[in-house]
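Before any comments, here is the structure.
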Amino acid sequence: MKDSKGHRVPFGIKGLDEMICGGLLEGSANLIEGAPGTGKTTIAMEFIYNGITRYNEPGCIITFEEFPQQYYRDALKFGWDLKKLESKGLLKVIFSDPETTLKEFEKVDGKFIKLVQEMGIKRIAVDSMSHFESLSLDEFHLRELECAFINSLKRENVTSVLLRENDSLMGQMSQLTSKIPFIVDSYFLLRYVEIDSAIAKAFIILKMRGSDHTKEIRRFTISSGGIEVESKFSGREGIMSGITHHTPQDAFVNVFGKK
Amino acid sequence: MKDSKGHRVPFGIKGLDEMICGGLLEGSANLIEGAPGTGKTTIAMEFIYNGITRYNEPGCIITFEEFPQQYYRDALKFGWDLKKLESKGLLKVIFSDPETTLKEFEKVDGKFIKLVQEMGIKRIAVDSMSHFESLSLDEFHLRELECAFINSLKRENVTSVLLRENDSLMGQMSQLTSKIPFIVDSYFLLRYVEIDSAIAKAFIILKMRGSDHTKEIRRFTISSGGIEVESKFSGREGIMSGITHHTPQDAFVNVFGKK
Amino acid sequence: MKDSKGHRVPFGIKGLDEMICGGLLEGSANLIEGAPGTGKTTIAMEFIYNGITRYNEPGCIITFEEFPQQYYRDALKFGWDLKKLESKGLLKVIFSDPETTLKEFEKVDGKFIKLVQEMGIKRIAVDSMSHFESLSLDEFHLRELECAFINSLKRENVTSVLLRENDSLMGQMSQLTSKIPFIVDSYFLLRYVEIDSAIAKAFIILKMRGSDHTKEIRRFTISSGGIEVESKFSGREGIMSGITHHTPQDAFVNVFGKK
Amino acid sequence: MKDSKGHRVPFGIKGLDEMICGGLLEGSANLIEGAPGTGKTTIAMEFIYNGITRYNEPGCIITFEEFPQQYYRDALKFGWDLKKLESKGLLKVIFSDPETTLKEFEKVDGKFIKLVQEMGIKRIAVDSMSHFESLSLDEFHLRELECAFINSLKRENVTSVLLRENDSLMGQMSQLTSKIPFIVDSYFLLRYVEIDSAIAKAFIILKMRGSDHTKEIRRFTISSGGIEVESKFSGREGIMSGITHHTPQDAFVNVFGKK
Amino acid sequence: MKDSKGHRVPFGIKGLDEMICGGLLEGSANLIEGAPGTGKTTIAMEFIYNGITRYNEPGCIITFEEFPQQYYRDALKFGWDLKKLESKGLLKVIFSDPETTLKEFEKVDGKFIKLVQEMGIKRIAVDSMSHFESLSLDEFHLRELECAFINSLKRENVTSVLLRENDSLMGQMSQLTSKIPFIVDSYFLLRYVEIDSAIAKAFIILKMRGSDHTKEIRRFTISSGGIEVESKFSGREGIMSGITHHTPQDAFVNVFGKK
Amino acid sequence: MKDSKGHRVPFGIKGLDEMICGGLLEGSANLIEGAPGTGKTTIAMEFIYNGITRYNEPGCIITFEEFPQQYYRDALKFGWDLKKLESKGLLKVIFSDPETTLKEFEKVDGKFIKLVQEMGIKRIAVDSMSHFESLSLDEFHLRELECAFINSLKRENVTSVLLRENDSLMGQMSQLTSKIPFIVDSYFLLRYVEIDSAIAKAFIILKMRGSDHTKEIRRFTISSGGIEVESKFSGREGIMSGITHHTPQDAFVNVFGKK
């Protein structure tokens, strides 16, 4: 697959953009799932902040729970001044609910659609898709609503980062609990991994329509500057189960030394 | 089982056709299941595209969710120009719903049946059978509907590739969540496999009525040209659990060298 | 247990008849469970076909889903011409539903009972008992119906092979999902087993009332001539979990050689 | 615990009586659970048959499903002529249902209670307690009914062997599915165990009120003479999970020889 | 935590009292959970019997299912003559139901409260709290009832041993099935453990408010004298899963000898 | 992330404050989950007690179940005289229910809000959030209530320690059973870990918004002085599953010595 195809929308996070051949595909819908504390919101904020400040792409953050103050404060801890960007007309942070959001994105003259068009918004982050699940108890109806929302974003050609809370903390993530991974263009997982009596974080790309991407499970950390993606977990098996084991080779070499 | 029996309908994917003794059996219904991102749609598109361009068999793609534009665009990324084939009358991409599809295939003079007959369609891909599950909450009634649909395809002697979304991401796929595998002629699984801190993909053939087939679990990748099936996973145990381990032999040899 | 007791009803499959001391017991009800593609229907067909052609025992196949044409065609692929046997009055293939089947076997002058008596049918295959589950959602009532059906077969002293679909694909088959195994005389399991990055098939006998039988878990394959039962899985542990491991001995010997 | 206390009621099965210090305690209620084919009915029959023929204790078998003919025939295969014993007035085989059974045992002048008293019955086998579960969907009410039945047996001072079907085939039997084990005096488990690509059977005693018993998990087989209890499983771990592993010691010794 | 704080209420079981720094805390509520046959009732009886005979503390046993005769008989097998103690006014064995018990303990002038006060009862055993679960299907309401009962015991400053049936037989006890462990002062678990093809018993202290206690998982047995607590399980891993493995060290040492 | 940002609110527990760069963030909501007996209440009490006595920050404990007397008594066992602090106006222990608590915290002139303002309360402990689950069976509604409560605490800029009962005793904690971890600023887990036939306790920090923190899984104990956090678990794998294994290295070194 030629990676040059399609305009790339980078996160502005070095290791991460490398993993996805330079960036997300323009106009694509990209799901990021993770347990609490894995860094979903941080990645989404960084995607929007860097989009505005480095790539000149106005952005929008839609949040369904967090208070505005909290959101601005959390971003500021990474040095990202969202209020300033809003005052310059480059960012819009929307505190809404799934029902309103869906309606105002689906209607031709919906408020949110107009906002996107008037501000020239290129990037949208949704925090989080999990709240859509309150809209319908019927899984097929819910899928239609989620699908309609994602399509309304695509119609505007905005590149979206959609967060979703994952209830699987550490064990085998055997069953999907949402149909969104089947709908979106990309599916990224953030997972906890136990290594040497410590909790590391893994970044996994399971799906990226129309683009090549690394197949490696990469370690990442969150520091004062935001996300930092590192190398893969070497000498380890069982990473996807959350509880790794040394490969036998690794174990032998550690004890007996290399041949 | 003599593999020469029955006309073969090849995917046009070298490694894959080898696995199934040259191709699918004419008029058979073939289920391909996989988690999001495992390449179900790509295999189905390639089956239809190659059918038309290499084997002179007009084809039809039925999709229940994806927008037409998206579908054409995704195919184009592999160099498959579906619109051109449609304009030549060799392909029909149908955007419908399970209810209509079932009705228009079951009735003697149904629209879709007529289309198949008029265009001389030999291959059909359905993306995906998962949407049929919205038709009935009763598992026995659902099975009847699925069975009726599959039989209507067989009556026309078209060879079908039926996709189905599998919610099992990586752990042991212990329980079937559909009865379709019991109804169809072939049952293929696409699974994620963790190998050396990376995510590989495995192609498994569990069932192929009336034909021999490889029993090997083969690695495959998706590149810019489509699906590429490779060799089996050597020196590994536990592939079906998604999280492989080195065989002890492999581990010893890696550390101590071969005898 | 003296194995000579009771008239034996052989499958006519060499390795398999050996496993069960020559054959099934006359008049017994024998359950064969397996996941899709494990060969249930093939074994049942072979039991009936060989019964007629080698042992001079007229037979009957009751199927609840498959189209007649498909059934005849699938059998022909193994060289078994069911239509010919039917035309000779030695076989009856019945396409029915569980309700009718139950009724016509239970009534003293039921159609199916009469058929058995008039044709002198000695062997019956039912494909599959899974469809009985649509008759009642109450597990105790269902059990009564299943029990009544099985008893009606026994009253006629026919030897039956009852197939049942098993939803457990590869992981540990921890829980029974039917009470039939408690009702029948024999309980045979067909299971997938991962060996060296390939999918093998295992034949397991868990129960055989009134007869000795091998306790070994045997490998089997399906070839153009039908079922072939082979030796047990040597040097392997965890076969019943579907994902085997080399025994430590086997692993050591493979690497270091035998003492 | 002094094992001499209380009159012992032996099975007449050598290895088994040794495991329980000579026999069951007089007047006790003893539960035997197992998956299909593990030998529950055989043990119960042997308990009753030996009771009459070796220990001069008239017995009674209550069965809720099996046809009388089948029962007599199955017993005869082991050389146990139940009909003959019945004709001598030493045995009563009752084909009934849980409701009637409960009623006729609970009432002071119930038919079954009278039978016990008139025939001087000392041993009762119930095949199986699983059928009581159809009496109530409320687990607390069911427990009361089961408790009432067991107490009615105890009031007559008969020693009972109560069978119960266990749906756990081979994996870890993690959860009890009945409260009977808490009510009865003894709780015996029959389990399948995979050993060297074969299916062995294990006899486990988890509870025996008022008596010492072996803690060993013993292998047993069913042969033409009935049950034969053998030694424990040496050199194996994980027996209760159904899928054993060689202990590391055992593995090393097998390969490298003993020190 | 100074272990001298608070009056100690010993079981009179040497190894066990050592584990809990001399005894239970006066006025505390202590939960003992275990599968059938693990010895719950024996421990409770011994606690009450020793309390009366060795520590001069009158006691009370409340039982919801067992017949009085059975209870007296079971105790006698250990040499504990409960009837004699009752006739001396030092013990009261109450055969009741949860509803009555709750009522007569909660009311200021309840019958059971009066009994406690008049007899000067210092120790109560409840066999078993599991029966409370029939009082309400609502988990929050049930918790309130259980809490009210436990508080009524505490108000009288009696030290209680509350038994609870645990349905987890041998596998990982992953989920609590009751909220009582959160309410009580101490939480003790009795578990089966497979060791060398035998079933051992483990005593585990998970919680003991206001007191130090051993963290060791200790082996215990039931003999003719009652409970005997032994040392921990050395050279074993996975005890809490019920199926232990030799530690690698232990395995190496067993085969190759110590360094 | 610069750890100096934001005022720190220390626990006054040396090892623990080190793990979180000096203390909790002012005004943050911090969830501590654990099974019964893991020390949740002790940590919360110590947080409040040390806040008052060492850091001059008045505190409040809200408890939904425990009797006042019991609470004071349990604290006194650690030498923490809560009554004395209350009499000095530095502490308020509130015995309430979730409904009242929510109402009196949410209203502008709510009783509890007034108390916080009048006493100048800086720290609040809630024992436990589990009781909120009785307020609504609808998970989305419950989340709103929990969110509203947490926000009302944040509005007052109090730093809160919110306890939650975790039903996962020892096995893999695969699924979250609450949405609170997604709402709060910090998520701490207390878990049991089996080590060498003993039960140890582990402290894990999964989330801490706006602050760095150790990723290590640390051992901790509860002694007469309260919580003591120790070093990580060295030479062990599988800590998060509750049942650890020696790493192969550790095992080899223990037996054969270091290189």
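Order of writing sets the chain letters: A, B, C, D, E and F. Residues in each chain are counted from 1.
The criterion applied here is as follows: a residue touches a chain if its C-beta (ideal position, glycine included) is under 8 Å from a C-beta of that chain, and two chains touch if they have at least 3 such contacts.
Source: prediction; values computed, not measured.
Number of steps on the shortest path from chain B to chain E, with steps defined by chain touch: 3. Using the contact threshold fixed earlier, the set of chains in contact with both chain D and chain F is E. Relative to chain F, the most remote chain by averaged C-alpha coordinates is C.
The pairing of chain C with chain D is characterised as different-residue: of all residue numbers used at this interface, under half are used by both copies.
Inter-chain spacing, taken between the CA centroids of chain A and chain E, is 50 Å.
Computed from the mean C-alpha positions, the centre of chain A lies at a distance of 58 Å from the centre of chain D. Shared interface positions of chain B, defined as residues touching 2 or more other chains, are 172, 248, 252, 256.
Chain-to-chain contact here is organised cyclically: the chains close a single ring, every chain touching exactly two others. Around the ring, the chains sit in the order C, D, E, F, A, B, counting from chain C and moving first to chain D. Across the interface of their complex, chain B is touched by residues 35-37, 65, 67, 70, 73-74, 77-78, 130-131, 133-134, 165, 167-172, 192, 194, 196-200, 222-224, 242-246, 248, 251-252, 254-257 of chain C.
By the touch rule above, chain E contacts chain F in their complex via residues 1-2, 5-6, 140, 147, 151, 154, 172-176, 179, 181-183, 187, 204-210, 212, 214-217, 232-234, 236-241, 247-249, 252-253, 256, 259.
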